[in-house]
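Once you've had a glance at the structure underneath, I'll fire off some questions.
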Amino acid sequence: MTVLMSSLSWVAYQERLQDDGLVLLLPCGALEQHGPHLPLGTDALLSAAIAQAVATKVHGLVAPTLSYGYKSQPKSGGGQHFPGTTSLDGQSLSQITRDVIREFARHGVKNLVVVDGHYENQWFLTEGIDLAMRALGTTNPLRIMRLEYWDFCTEETLKHVFPDGFPGFALEHAAVIETSLMLHFYPELVALDQLPDHSPADFPPYDMYPTRTEWVPPSGVLSSAKGGSAAKGAMMAEQITASIAAAISHEFSRS
Amino acid sequence: MTVLMSSLSWVAYQERLQDDGLVLLLPCGALEQHGPHLPLGTDALLSAAIAQAVATKVHGLVAPTLSYGYKSQPKSGGGQHFPGTTSLDGQSLSQITRDVIREFARHGVKNLVVVDGHYENQWFLTEGIDLAMRALGTTNPLRIMRLEYWDFCTEETLKHVFPDGFPGFALEHAAVIETSLMLHFYPELVALDQLPDHSPADFPPYDMYPTRTEWVPPSGVLSSAKGGSAAKGAMMAEQITASIAAAISHEFSRS
Amino acid sequence: MTVLMSSLSWVAYQERLQDDGLVLLLPCGALEQHGPHLPLGTDALLSAAIAQAVATKVHGLVAPTLSYGYKSQPKSGGGQHFPGTTSLDGQSLSQITRDVIREFARHGVKNLVVVDGHYENQWFLTEGIDLAMRALGTTNPLRIMRLEYWDFCTEETLKHVFPDGFPGFALEHAAVIETSLMLHFYPELVALDQLPDHSPADFPPYDMYPTRTEWVPPSGVLSSAKGGSAAKGAMMAEQITASIAAAISHEFSRS
Amino acid sequence: MTVLMSSLSWVAYQERLQDDGLVLLLPCGALEQHGPHLPLGTDALLSAAIAQAVATKVHGLVAPTLSYGYKSQPKSGGGQHFPGTTSLDGQSLSQITRDVIREFARHGVKNLVVVDGHYENQWFLTEGIDLAMRALGTTNPLRIMRLEYWDFCTEETLKHVFPDGFPGFALEHAAVIETSLMLHFYPELVALDQLPDHSPADFPPYDMYPTRTEWVPPSGVLSSAKGGSAAKGAMMAEQITASIAAAISHEFSRS
Amino acid sequence: MTVLMSSLSWVAYQERLQDDGLVLLLPCGALEQHGPHLPLGTDALLSAAIAQAVATKVHGLVAPTLSYGYKSQPKSGGGQHFPGTTSLDGQSLSQITRDVIREFARHGVKNLVVVDGHYENQWFLTEGIDLAMRALGTTNPLRIMRLEYWDFCTEETLKHVFPDGFPGFALEHAAVIETSLMLHFYPELVALDQLPDHSPADFPPYDMYPTRTEWVPPSGVLSSAKGGSAAKGAMMAEQITASIAAAISHEFSRS
Amino acid sequence: MTVLMSSLSWVAYQERLQDDGLVLLLPCGALEQHGPHLPLGTDALLSAAIAQAVATKVHGLVAPTLSYGYKSQPKSGGGQHFPGTTSLDGQSLSQITRDVIREFARHGVKNLVVVDGHYENQWFLTEGIDLAMRALGTTNPLRIMRLEYWDFCTEETLKHVFPDGFPGFALEHAAVIETSLMLHFYPELVALDQLPDHSPADFPPYDMYPTRTEWVPPSGVLSSAKGGSAAKGAMMAEQITASIAAAISHEFSRS
């Protein structure tokens, strides 16, 4: 049975809403360069894949992905100068987040999980959630969990994925974690023969505007993607989605 | 080879952009009730399917679909009171349209087709396009075609689809045309056993706010979907996409 | 006795509001080219004239006209490239609509009719009404009717006005209907000797941006205005305003 | 010959624009209580009347009036608690001002006069003008004069109108000046038998929110309107419009 | 004991809020040229100094100053062409005013005084207050006083400060009043040797855009600052703050 | 000599601008709970103190602090439920950032450093900077550095400050770093006797809305502030400001 809200008729969706415990997940991605080996849609694809895997575990539903995200930053996504990176203004992202949450609340959704797969989205999603909560008022029963999926990686998983030591999430753009997850979920979209293997980017503790494009590796990948594998992806996917499902059960079954 | 921009790496996308004649298509849908037999994502699914079929014909690319659209109106989409219908404020839709067009122009896209599959989107897409064109200035080479795909149906096609006479697009929400196209493109998402068959809605020549929900058939379908078939869908899809492809060739090959 | 709200003192207006059945009409026009024979203010003038005629019939009041409207489109108004056409951004039009409705509700108005005389306004008026209704909340007694006046033309009237067959509203910009109504309501503003008589514009089923100005007849008139007459205008005005008055009685006298 | 832009066809308007010295005037009013003797539309009516009189003198044109203005303040307009007062948010007023100015500049207008007849409008008109000028850039030839018409009253005129001493513009809302001008321009809209004659309002040097409605005379008139007359109105109208015309000649004939 | 809210811990602030009569003052300034002898921060510095002096008298607290204000106008602040003048768009100023008031209300503040020290701020502060009051709804107990501090100058004080006659507040930008108050509150920031002494600016009864910079004295001072002294500043400061304190007691001790 | 822009006259500021290498620093803070021992203004005070220390080193100027910041988050600032925390909407913060940058560019500033002292500000400052850069266009010479000052702490400094191991910046709200810096810069504002010493907060890898206030220590401090000292503050301040000054020299002296 589908977990996609968009595949249900309104009648079927309404039936699912009779269950007060129903959890709706909203994947939030981006259209952003991910090196020569991963597709532009990586963040949208991964947030959707993880949301669907979690939905299967918690008998939830997944709303259509927000496919466009906030502007790519040099230190986390390579920056806005790459062709293909297609970003929204902060206000636009906050507004569509606010709008759809307001609608879900009107439907009677009580448990919403915003599954972010694009680092730069976080604060504008947070603002959109806040604007929606303000509009809904304090008596609305809607509760929202917002998460960046990689934050659920356990130490143990990271040790397994990075046997030589985890370099930190900061430079993980289009690198081992995303490459492994893509190899697991969408192997046909990974160009393994294009895998870049260069030393990691080295950024100073500040940002410059206009962007210093020379700080960013020409590949758009911030650290080596070598070492990524479908097996690692499968392992991470299983652990992350199990942990998210557990968090959902913990938070949303509270009376 | 994929026509999906989101499946390309930025390097592959950049290569495609070397061709000044490259056409990018942006499908615009909605998450909106479509009766008991069609899924909530119908407009997004159909605009994407048609954009992809056209892209194949014109060797173009398809950007990620705008999955959420403007507010459903009683006379064209049943109205905002149905669960599942999840809409954006007009300003939000115009802004994301403006934002992504501005980005496509930065990439160097010169030929963009906005493929609208949700009637209510039209004016806010138009405004978003206008805001983008203003921001880009008069010297930018980007040219945009905006279309609602059903407007490409020829008289001949309509005669074939409606042997007893075409009742007009006005009441075609979730009725014969959309049902047939869904049966063609996504047969697994159509619940043929739920097909409503009631007399068409009869609206007065004005609108009332708050919505007079009693004007709208409880099914959400504005006229009978009986008579829809995969064969009719295939025929319409072929004619419409061929006509759109011809229009694209006509407009965008002008020097 | 005047039907113009702007001609009443606040004391007189307050007295009128004691009647819960009082209907307030808000005409919405534009400043837009209407060919060489009709004035730029045609849409504002006609929506005001019709609103006043209706107000007389239903003992209502008419608020000051929104004199500037949304951007003119090539297929319905000739487009933004004509001198004189003076349009608002979509958000601006929606906001002033929202603002004045919120104020009318504060006064205690319970029955409002938004009388649109400019085709391009429809969706931004709709959005403004929706924003106002949201701000007012679900307990506010205000009910609103929104209409484009020409939609009240009966088949019978159209047959009379177009003895050779009605070409459809699509190309009626500055053509027989508007010319006739102007000859009826404001004969001194019509330059009959400038009446264009060319074959109707022929538009493809899509729009292009920047505007393909060569699609639009240089006169700005989309189909021939020949055949317009004051007598036809009088007949249409009488039928339309009677029908609107009847609709108002029907909708607003419901308890 | 008409001075109303809305009464001209686009062709006639275009002809007028061939003259680089053409002056366009934009009246800005309000819908606001003006005591029991003056109509709600007073500010719109007077700014339009004065703009037209000036246009006649300088062979200019008058654009449609902005009929709704910024929120009425207790000390200058009585405040927002009166029925009939129908105001815009500040941002809305600034945006429509910006929008129409941008359009006039597109037409080729080089000399624009914003004729304000509602005290509370001033700053939001100023902001709208600034937003338009920023959008137009520094090379656009458009020059704008913004004025509140009463500021052109000379000392001599004031002495004549107030033989016992001018109490200041601060309390002149719906009092001698506006009453006299309305008696001159629109005598049929003045209810002389309702003329209030009470001592002037006495405001402290601060404002309170929510409005202290008890500070405002129940009539809505801030000082006595006794002493107003059509003759005084005629005299003021003549002096003010002559002075504005002289200022226009002075400013806009500079090369 | 400090009157600065920013110097209190949240625990100490919370204790102060137990007193329903607590008055919070919000100073609103600007960063704007004030001639060659006064610093750019004059309006922020003076509104803060006066707010603190008043707070001491009424046992109130002072929130952090809004240090940037609305755009400087030629007739009141010299205009936007001076280096150093750093202004906000009107909407920006209204929004931050709305935001902080909404927050103060959430804290439980019941008595707020907005102390404006920059003439151009007034209307955008007013709009911000109105937007906040609308958001808070009619049941919120927050009451707000908004004032421009110079309006509390009594006739007697003005006679003392201007023994040769008060030229009016209109041209008092960076002139005797502000110079005297700065000499009293911040003598180290006044460059007495740079004091300009030229004849006052003479403005026509209208404004021009783009700004006629030739109307404004090159010094940026609109009338002579000669005659300013610390003693006059002390006297004005004492009278003004005592009057504001009295107004606060009068307004906020009402049950 | 002062480094405060607000203490300079426009003439003195203009002189400083003759030096193309002049660096302007804009401190960005917040009004936010910082436990029972630190004042609400901590972030504004520290960003200003650091900006001034850096300005002294690089012969730069410091613009007035943005005293109000983005909404406090539970995991970094305790959350919005504390009295005293006074935050702006994201759009408001982005807009004032955009506005003042646009003005600095108009003055001729070529080197701007945005010194952020409030973690939650980062993304809305980034957006404001981007909006300003877009408005200024690609030819404007303004270059901007944005930094969060704590990111300049070296490993060596952290070792010295946390001899038992650095717990990470995540929980450093109102803890050892900020307490030490406040003891160095503003000792009179620290209530050492109120220093909380409890175990650090323990947050799950997601956020919940409405805020789970039970996750946040009642003190508002996220980890122990014990171990903070003025000496450590002095050491950190010296190292951080020296490092920032070096970065400025490195970036802004490039031709």
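The first chain written gets the first letter, and so on, giving A, B, C, D, E and F; residue counts start at 1 in each chain.
Convention: contacts are C-beta pairs under 8 Å (C-beta built on N, C-alpha and C of every residue); 3 or more make two chains touch, one makes a residue touch a chain.
The model shown is predicted, which means the values in this text are computed figures rather than measured ones.
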Between B-C and C-D, which chain pair is linked by the larger number of C-beta contacts?
C-D
Which of these, B-C, C-D or A-B, makes the same contacts as D-E in over half of the contact pairs?
B-C
Taking the mean of the C-alpha atoms as each chain's centre, how many Å separate chain E from chain F?
27
Counting in whole Å, what is the centre-to-centre distance of chain C and chain E, each centre being its mean C-alpha position?
47
Two or more partner chains touched - positions in chain A:
89, 91
How does the ring run, chain by chain, when chain E comes first and chain F comes next?
E, F, A, B, C, D
For the complex, give me every residue of chain F touching chain E.
4-11, 13-14, 17, 31, 33-41, 44-45, 63-68, 82-89, 91-92, 95-96, 99-100, 103-104, 107-108, 189, 191, 194, 220
Help me check something: in the complex, which residues belonging to chain F touch chain A?
70-71, 73, 89-91, 94, 120, 122-124, 126-127, 129-131, 133, 138, 143-147, 151-152, 204-210, 243, 247, 251
